[in-house]
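One chain, chain A, links the two complexes that follow: it is found with chain B in the first and with chain C in the second.
Presenting the complex of A and B:
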């Protein structure tokens, strides 16, 4: 199953044609590299043009950190490719850039998220959350009329020119001046202009739309009368604010009840009686996600169960695929067998099949009443392959065996062929049976070269998301668990469910899980590699 | 040799940078809005300002509706000078992307969605309230009710969807009077599986909900304002429904083996005479050459079987820089009869605006869905619904597969109660 490099079969470079040195000398008449040099200039120019575009976009969005990083990186790349020499750097740079973008950044960001409460209700920054709370708590005064409205300006001051729907009187107000009666020209019940103020066209309104959208005009000196706002620049409505924000104290106050909400330190406003206002914002919560994973009852139980199954799944996958692969390799390693090449080719077929596709096809074949297994192989039985907890586990392992044995077959075949035949012959001369020769001579030698691959295969299967997600989706559901976890869920598919399904997303917790998985896999790999080294020394 | 591979490597780097750039670049609406800031009202005379001065709107639309909306948006741009950029998104990605990227630079101004997102979007502080004023009277009651959350409108509705019974008129010429009548008629016509409704391994409570209501068991009760109230979980009244479901599972009339694809296939091949489904499957059935009629959902009891109403609409991003333009686009344009009719023509789903709906109902299929939805109630949009959905379907599937009906249903209720109380 692992996609790591296959052993043996190193891409043997074609032997250099003998004519080559001669040809190179002949090419000298044009100078060593004028054509490539021009091409290089063009490519560097293209790259710089793209960087310039990106820098301009970043400038517009005032993203100074990214701006700086891009600028420095682009300058470095220019220097590396335009300077003579520095050949290693020329080769390494693309790889390093990709490594930084796709590996290091992802890793660092996952670690960062694991220590925050980034989850449903905590996706914003604090100022954004305050804005959303204030906006959500603007309530239109019940049974209040709609005001036909014209946006007017005097200098830089903006105001609303409205007609009181009850009295028919034109009124003008600004942020600092409550609505007062004015003389105005009224057409179709809408005050269109008044002396001393300029009426804005729709295009002009759009040019200042944020200012106008947030413009609050008091209806009278009495704050209880509410304020006039417009959302589309044409009609005004009377609103009262349910919450008011004190920027200095950093508190929100419920204007009707008088309840004061303060920053509780956990990314939300909390009242003294413990009521929380949503939306909250994303903050650093230290190691809370990790402690939750191990202490919260609803998470710990399923997590333990899933961890055990993940180990079982990875170990059994490696054991079964290796067992079958090695058996077939030994059988097909017999020289002089007819059609050996054809058998070997057929054997490798599943390896050439995309794993996720195979999983989907197998899901159909496992179907209880329409599937191939029950209908054709078992003559119309109705075995609940994917519905029964135990059978589903077996089904997953069977699919993984089918997917994984060709790899092990290839690996073992290569390793067996590299073991000198003399060893076996010598053993037989000493009176060893075929089984003894295999068990005591060939198998240990095989293990030396294959063991690191087995460890890699274990690590791969530990995080084998495709097979689980595409075949069972982690199901059947564990009806007793408090979180939606299934019987065949492995850790990585559990992480996916925590982060990306349902209405309650918890990205912070999922990131913490990923780090835990990383630690487990890393520890196991290090320990096993150490032990493999010992194996080598013995031999 | 060396020079060439060096260049190839560099070429790859340049190409990848281009990719990375285009990914980072985003929609570039930030640049547009900053340019609109600089163009102060210098000319007061020009009423039709050029598009660049009026700014632009980025609208996220699910991929199926993108082309219809493009025409509509082009007309709006002509009238107001506001450029509307339609971004086609995969249907199952829109909500997540909106919640995660809505507040970031280059996020959308307007997003197409469904009413049951409201609770989540409000909790995440990403949807802005929209004041419809007197215009709310022009929409159907169910559309306005669904778009309202905690007393405020958060969505401009454009279509109302609900389930109904598609009937193959050749196999079953008459509309069934009850669920049992339907099964009996179909069986008499020689069908092994006369009725199909999509389920699956994890169940599909949305498609079973009409039958559940027929047994008088909605999910949540409503408070004095008519809003769903999470403290009133009424799911527990559904034990009789659970028994009925268990019987259907045993008889095979409803089965977890029937997925959406299998149901469509059986109906298209004439192996099933009745199909409980939504307007989105009408085209597929007609394309298969089946003559269909749309009936109200037959009830297994003497109470009506009321489906959920799903209302589609548009949200405004709370963190948009163009909220005024966005409000104008929605309230004063999308909310008008010609636009709603145009959207209907492409989607064939009943418009939310009454005037457009009346026009659309001249089509018997649409009229059929409208009649089937007479008793429909909006699917609850409160965040607690997430817990319900997490457990509801699997419990129903377990009952259909033969688990003890009473116990499974009661377990479901206690589990949901516990999760809500947390």
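Presenting the complex of A and C:
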């Protein structure tokens, strides 16, 4: 091995003239080593393959906006990982991608939904709503030709194999796939079987008759062409909607009665006499959700009550858990106390026990007629813990105290232990009683160190959905309200109930409520950041 | 939930604005001190005890006899026992109910008089409430989310701790701010987004555990990066520099050196994320609708929506089985968790 050969063999960066064998081995690692590089290429390749698949799917659905966003994002990610440098971006990108889609976008989207009428009757886009309306209320076309029909199945999916009475072409369709031409064996003008599908016997048709008689096969992609149905499993008839859509005028007409429905501007077709066709579609309704929330008495009243209770619940939860936790910490903050670790280990259990389970267990224990509290602890009383508005609030707070005190206990114990003993001794030397020493010296010090945690605990309890929803379900229900709301509901459980549990799922109104929470939380965090000065510590 | 930080009320600690402060050596550093103190106090206690019995007792205030003992030290134990009972009672109750062969709520109030595993067998074999399936679903979602959260969080924390770049301070501040807005606040939008995703990619739609995990991972950075960042800062930069001199690249330094040194915080974050996932009802209930796909929180809630008429002992058996893994992991790792959680508060 000569020195002149070195520069060519060693990767750049190795000081060639003085290189010794061991030095060169080390130098090999400085350059782009092959293993990790190949791994990186494979990973980027896999990612690109997935993106390509996604792009094809988007292309098929004609989702141009999402297509563009995905394309740009994927290109950016490729650049980040294939280009040299930009190291921070390489480490931040994976987390940021998820953060952007599932947290930041959803927060922004909530704000958008709050200004729409998105709800159970208004989830579709306008063209989708038109298609849905056309495929509803269908009636058999009078004097339409009969389709000779064979019921076929593939796995659990049922389909119709028919012969077009006009062209004589065999066609196959299912509930989700409109009729398409197929090769089939035709006997006496009837298609009896086709490859890949099992023809059902008469006995099988009888066994599945309910399913077959309710099967609706679209004749083409356009809902206006109507559908095929059968009432005997042997002949199919053409059904069309009683409505017809005039794309130019943007109106739907009831063909039998001649009623014309026009776009009423609120996401639904309305007739001149005020009749509304459902489903409608989602449209921007401006501030209507907020106007409703703040002016309609049947919403405003409950909303105000819920907001006040949310603050009360969060404050009282922090106060009670901190109070009990601190009391226990003071009691156990004695060096050399025997058995302290055992007590500590037992008292941590409620904190370790999953909160959602605890709430369900307590719901059983609170039961009026059979529960443990009434039957055993209160000797057969029948106190309506979860049925009475005031008692239900107390019940929720008692559960939350049980769940939360261990944490406050541990935190306070740690904080107390870190306060030097000399302070207390000095106070005692100066003639302070134990109570004075605690109240004037230890307590303020304790408060300083746990204050940020109390704020965090308040913020957490402000949105403590599980304790409320799993114990009382927000109940007892407020019967006068126009929205599903109860006496113990906090804002977040109200959002959930309005969006997902009511007769009508009102996503728009629920999002408007979410925005109220955003504003409150933002104010709380600004205040708490000012106080803790956490921002200044980031350097 | 949302990746809301944790089990009980104080869980949000991990995400508290002052959760862990850079530069004050949170995490292990803190944990060690706390442990050190405990060990020390333990030793002191052991040493003091005989001394007390020999000489101090007579001279102590409070006097002799049981009353004296009560006044001197016993009242602490009285309080300790009372509140231990308070902490234990609901747990003892549910364990006792689960051991009854067939109990409605009515017959479940006498504690520990019957012992049978019939309710366990029943809850595991009930076709209407596929408890075993829920358990597996929860485990799958919880473990994947925990692993993903640790990975994404560690990557981000490493770059914030070790690299200096434009927008770094801004990025950290935004993450602190974002953690005040947990995902459950946007549950409506999350639901609409996942429904939309499902129309494009069927395996990312409603009823897909993958979609739920992806949603949870959206909260991974917001909640944990700052906590991990503080811990990463406690690992001296000189270690990185030494490795760099030896020719290690950034990826090698991260995966083989740094990750090992910060293992305790990885465990804490993974655990908190697992517990938070197990506890989440809001998001999992809107994404996983089919009974076969549901998680424990949603399935069990539907099972006992009215405790008065439910198969209460079967629910109790399910609850005990569902709580056991969480409680065991928590108690086993409590020293790390408590150390990590209180890191910011205790100076």
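Methods note: the second predicted complex is superposed on the first by the 313 of 539 C-alpha atoms of A that agree within 3 Å, B and C clash if a C-alpha of one lies under 4 Å from a C-alpha of the other, contacts with A are read in each partner's own complex, and residues count from 1 in each chain.
In the analysis below, a residue touches a chain if its C-beta (ideal position, glycine included) is under 8 Å from a C-beta of that chain, and two chains touch if they have at least 3 such contacts.
For clarity, every value in this text was computed on a predicted model and none was experimentally measured.
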| item | value |
| --- | --- |
| Contacts of A:131 with chain B and chain C, given as first, second, both or neither | first |
| Touched partner set for A:443, first chain B, second chain C, both or neither | neither |
| Which of chain B and chain C A:64 touches, first, second, both or neither | neither |
| First (chain B), second (chain C), both or neither touched by A:408 | second |
| Touching partner for A:98 - first (chain B), second (chain C), both, neither | both |
| Larger contact residue set on chain A - chain B or chain C | C |
| Which superposed partner A:294 touches (first chain B, second chain C, both, neither) | neither |
| Which of chain B and chain C A:367 touches, first, second, both or neither | both |
| Touched partner set for A:36, first chain B, second chain C, both or neither | both |
| Common interface positions of chain A, toward chain B and toward chain C | 33, 36, 54, 57, 61, 63, 66, 87, 91, 94, 98, 101, 367, 369-370, 500 |
| Of chain A, residues touching chain B in the complex | 33, 36, 39-40, 43-44, 46-47, 50-51, 53-54, 57, 60-61, 63, 66, 77, 81, 87, 90-91, 93-94, 97-98, 101, 120-121, 123-125, 128-129, 131-133, 135-136, 138-140, 146, 153, 198, 200-210, 212-213, 230-235, 237, 278-279, 367-370, 386-387, 475-477, 479, 482, 484, 500, 502-505 |
| Complex contacts: residues of chain B adjacent to chain A | 2-4, 6-7, 9-14, 16-18, 20-21, 24-26, 28, 30-31, 34, 36-37, 39-41, 44, 46-49, 53-55, 80-82, 96, 99-100, 103, 105-106, 119-120, 122-126, 128-131, 133-134, 150-152, 201-202, 257, 262, 318-319, 321-325, 327-328, 331-332, 383, 385-387, 389-391, 394-395, 398, 401, 411, 415, 418-419 |
| Residues of chain A defined as touching chain C within the complex | 26-27, 29-30, 33, 36, 54, 57-58, 61, 63, 66, 87-88, 91-92, 94-96, 98-99, 101-107, 109-110, 113, 118, 317-318, 321, 328, 331-332, 334-341, 343, 345-358, 360-365, 367, 369-372, 375-376, 400, 402-404, 406-408, 410-411, 414-415, 417-418, 449-450, 452-453, 455-457, 459-461, 463-466, 469-470, 492, 495-496, 499-500, 507, 510-511, 514, 517-518, 521-522, 524-525, 528-529, 532, 534-535, 537-539 |
| Residues of chain C that touch chain A when the two form their complex | 4-5, 7-13, 15-19, 21-23, 34, 37-38, 41-42, 44-45, 48-49, 73, 76-77, 79-80, 83-84, 86-88, 90-91, 93-94, 104-106, 108-109, 151-153, 155-156, 158-159, 163, 165, 168-169, 171-173, 176-178, 180-193, 199-201, 214-215, 217-222, 225, 246-252, 254, 275, 278-279, 281-282, 285-286, 297, 300-301, 304, 307-308, 312, 315-316, 319, 322-323, 326-327, 330-331, 334, 338, 341-342, 344-347 |
